[in-house]
Amino acid sequence: MAPSSDGPPASYLRTLDCVHCGLCLPHCPTHQVLRIEADSPRGRIYLMRALAEGRVDDAEAIRPFLDRCLDCRACETACPSGVRYGEILEDTRATLERARPKRGVAAWLTRTLLWHVVARQRRLRFLFWWLRVFEVLGLQRLATALRLLPAHVATLAPPVPPARERRPLRTGLHRPAEGTEVRGRVALFTGCVMEPLFGRVNRATLDLLLANGFEVDVVAAQRCCGALLVHAGQPDRARQLAAANVRAFRDADVVINNAAGCGCALKEYGHLLGTDEGRRFAAKCRDICEFLAHEGLTATPRPFHGRLVYDDPCHLCHGQGVRSAPRELLRQVPGVELVEAEHSADCCGSAGIYNLLQPELAAAIGERKAAEIRACAPAAIATGNPGCMMQIDSHMHRSGHSVPVRHPVEFLLPPP
Amino acid sequence: MNATEAIRERLCAATGPVRIVGSGSRARHLPARADATALDLSDLREIVRLDHGDQTCTVECGVPLATLDAALREHDLELPCLGGGTAEGTVGGLFACDPFGPGNEGGQSPRSLLLGLDAVLADGTVFKAGARVVKSVAGFDVHKLFVGSQGRLFVAARLHLRLKPRPRAEQWFTNDDLDEAAAFRLLHALRQEPLPLPVLQLRRDSDGSHAVMGRAAGRAGYVTGVVQRHGLHSVSAPTSFHLDPPPRGELLTGLAVPSALPELLRAVPAAATFTWLGGGRFQVALPDPGASDRLLAALPNVPASGVLAVATGERHGRGTPIDPGQARLADALKIALDPDGTLV
Amino acid sequence: MAIERDLTRALGPERVLHTRDALLAWECDGFTVLKSRPRAVVLPESTTEVQAVLRLLHAAAVPFVPRGAGTCLSGGPTAGADAVVVDCSRMRRVLHVSTVDRIATVQPGVVNLDLTAAVSDHDLHYAPDPSSQSVCTIGGNLAENSGGPHCFKYGMTTDHVLAATVVCPDGSLAHLGDPAGPRSPHGLDVLGVFCGSEGTFGIATEITVRLCRNPPEVRTLLASFASMSSACRAVGDIVAAGLVPAALEILDQATIRAVEASVYRAGYPENAAAVLLVELDGPHEVVGEEAAEITAFFRKNGALQSEEATTPDERKRLWKGRKGAFGAMGRIDTDLYVLDGVVPRTRLEEALTKITEIGRRHGVTLSNVFHAGDGNLHPNISFDGRDPDATARTIAAGHEILQLCVELGGSITGEHGVGGEKLDHVPLMFDDDDLEVMARVRRAFDPDGRCNPGKVLPQRHACAEVAKWPQMTAEVLGEGAAEGGQ
């Protein structure tokens, strides 16, 4: 990947924005745990720059450091030079994957799962049906006991909810109840993981929008956002999904999503597709909290009496710059005591499928997060991304301090 | 002729071991070796430069502290390690002996105030280290080695010093005739003041009575406030902070952290006079060598370190065990800078 | 590769890195012009491990370079191709805190700001605060004798370090200083000369520092001025009045603009030629009186506007721009040459005028952000390191600026150190005899010259190091271009 004759690639030029000041280091979860320069944003940018300059002999030697990155973007928030780390990383991962696809069963499985299952909702639903059966029969524990399944997979895999909760939302237009003043119409992006694992969150999102006077169009032709594929260095496949979504939401003015990871990816379609169409689509995407904080709640949420910790999903606070909106909304819940945990903007270690690929590191980061949350002694935890909900729940559970982990929208619903 | 050339000439003229003499105050507690030639620097007493705007100055090593203090007063400045009081001796002697003058969390130690120097090695090599400005990290801080070196590494000709604004108001105080508990209470309360007192000492006399002494300094309103809040008894500025050993007695100087003070006081014999000088430094005037030896043996358990600063003959310089690593480096530095062992 | 094998045996494979490509990440510190890939990197976690590593290196006669967070701005921790980097980042435990004695003993990899966080519950803090304090380590601070904005009142690192356990280059141990005071009663202030030796005397593995009490009140004042001269005169007035604010900082227009375009935007007025940031701390009544005096000096020197922040959030906002200033320079050009000259505080105005003139003559992009209270200037030259001509002009301008500082009675470096960067500038301050004395002191610590060789003291008769920079940059990149088959 030497600079080509028609000028170096944009992401290479972005590496030059880094003046090596190191202010990103304390914000990087992997550097905090490992304290290895090559596992810091500064170090990774330096390696990626060297790779682009053709100074790396064997790209495989630096790949582990890039693989260990959570892509949480905390470094972007901290960077005084405005280095766009996420774009550099995604471009570099794509280049590496193109040049030499990763080998091994895990890599094959990841690729297969991502493209053939996760990205296709029907197959994903089918998979979850099997997982549920597996779980109900107690086979998971058996498999772990027989060491057929690595322990971290078993502990991290969340309990699959019963079929009733996995039922997808009805597609088409939903209207607020009679007597509710209609304030506008939005389209809802349902997401591929949220749907089967946290169907209740999607339903809460829909109900919340309806209760606050918005007509909601659950667009039928929508696909997976492609974020996991981009992170795995497969932007070409992600582009196919992106193009499909741009088409599906052609008629929408506002596209609401409730998963920070998806939201961040949707907002980056401009960069991914490199088209005006992509940029126009990106501009109309909103996180549910971002949208409602801007529009204002008209329906008073159900009271919640107790301490509530809000944890920032990386792809919401660093990726989309949405920090105050969820807090503003949660403070409107009657009776709530919203408390801030230390380092709430630090990654929890979930990061898409990171906890499956880098189990030890993800666990170390997750433990830190759980400890910081525990210090607040909350009655419940709110965070707006499915991966984070699972990771935090799992680590709180493991430390013996299980408290409900919910999406902010679940606290914002008015009484039935 | 400037100071470095003068010293160089005198060093070259001398044969055998050489001992630096400033005001001569060291001779009282540490007589010179019989074979040593005295190198008297008391005539090098020019204040070369006093940049009051920059709050720095350059002085020759033999400038009497009183002369410097008077010159600084004209510009409302002071050398903080003097604690605002006047002391006998020369500037060079102050830094070379670092006689554990008043200093605490608020005071500035000589290490902080010596910005640089022009000096001469025993072999006549003239060199400089540090800088004249308040901040410089160029090269190694060889000048810091002068502090406490007793003039045994090299001879400082000119010293560049950092000065501080003289406080707009000050009040010396001594609250005496306190029992131990009351003295500790007052000391503790004064240590909690948001502006550290530039001088804060605790003294126990051989009659068992305690006193807390010090200097409150700063803006007038604040100083009055401190004096009133703590019920301090105003006194005039003391002339000396140091203890004098009784006849045939010895003086021990040492270091201990404040939390070790109660334990330290238990280790000090009742017949001795004890002063905690702040900043971890203490002095004990001991009645006889036996008492000194018992205290030296007890110090490591306090824990504290100490050395006999005033004692005769072989006993001078005896102290608690020194870390072998530090001793090795100190020896290596002596060999590096004065390989012939000229400066004694 | 025998030494790599022995090190791996001592520390385990995860804490010894010697894959050539991975080592690229340790190629430079904050001074990116100087690049060199080390032979290996080791990550010890205790004094015993550092001793084990240094003993192995001693036996094999392999040079080594201590490293902290790599935020040094003078190439101090950049290691030659034959040297092993001893990276202390993992030695990050606070070993002991005494709130009564107000001291803490820490491992060298403890981050400066993390130490303050660890003691803040006791209303204490660690005073020296380099702009990189959220990243840089106490070990690195000790090696460099780091400063920071608050050093005007509280002093440099050397004024806060009481004792240290040091592993000497041969692997032996020395305990320097005393937790109770700046130097042991037994004589030489060995720790005093160790501090600021830029990692050339050994590796401090346990460091005892003084902690300061948090002041009851802190107030930050900001004034903007239509000219740099009036800002400097305001500083002169404040210092002359005997006031000792906790910090006195100036940012010039170019810096203000870069900061305001970055995430560290602080709301500094962009049309001002200079902003002066003053921080006061102490008892409430004292701070109030001092603030009034200082505001009067602002007015006297024709301040365009001034504001005062008392709440932590507001103060943080005003400081944010100052602390992020260096990083924000990345917005001006790809590379940044940060100078660190010092002048007497009475010559600030004159120095800045002449520096602007030098910059103009060499056609370089200059910005200034500096510790005005200490006379410690940071003229920053933004340039594109891939352009040999721009690099050459940058170096020429830098050299002239440092020469100017020395001529005015100052220093070539106030807090960043000589490292590998300022070797050519050292002779501006020190002659051969001065350097020979320093070399002797160094040999007392490191007789074989294996501890961070080639730093601080210029090799006698070596040809100009700085002149090699454009060539070095070209070489490093050229090597890549050749291998990359452009």
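Per-chain numbering from 1; labels A, B and C assigned in written order.
Heads up, the rule we're going with is that a residue touches a chain if its C-beta (ideal position, glycine included) is under 8 Å from a C-beta of that chain, and two chains touch if they have at least 3 such contacts.
Bear in mind the structure is a predicted one, so any value in this text is a computation, not a measurement.
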{"item": "Those chains which touch chain C and also touch chain B", "value": "none"}
{"item": "Greatest separation from chain B - chain, by CA centre", "value": "A"}
{"item": "Leading chain pair when contacts are tallied as C-beta pairs", "value": "B-C"}
{"item": "Chain nearest the overall C-alpha centroid of the shown protein atoms", "value": "C"}
{"item": "Chain centre separation (chain B, chain C; CA means) in Å", "value": "30"}
{"item": "Where chain A and chain C are represented by their mean Cα positions, the distance between them in whole Å", "value": "38"}
{"item": "CA centroid of chain A to CA centroid of chain B, Å", "value": "63"}
{"item": "Sites on chain C touched by chain B in the complex", "value": "98, 100-103, 144-145, 147, 151, 155-156, 158-159, 166, 168, 172-176, 178-190, 192-193, 195-197, 210, 212-213, 215-216, 236, 239-240, 242-244, 282-283, 285-286, 289, 342-346, 371, 374-376, 409-418, 422, 426, 429-430, 433-438, 440-445, 456-457"}
{"item": "Touching residues on chain C, where the partner in the complex is chain A", "value": "17, 19-22, 24-30, 32, 41, 43, 69-71, 87, 89-90, 92, 109, 111, 113, 132, 134-136, 259, 262-264, 324-331, 334-336, 476-477, 479-481, 483-486"}
{"item": "Sites on chain B touched by chain C in the complex", "value": "51-56, 76, 98, 100, 103, 105, 108-109, 111-112, 121, 125-129, 131-142, 144-145, 147-150, 153, 164-166, 168, 192, 194-196, 218-219, 221-222, 225, 253-260, 279-281, 304-307, 319, 322-326, 328-330, 332-333, 335-337"}
{"item": "Complex contacts: residues of chain A adjacent to chain C", "value": "1-3, 16-23, 25-26, 35-38, 40, 42-44, 46-47, 50, 53-59, 61-62, 65, 77-83"}
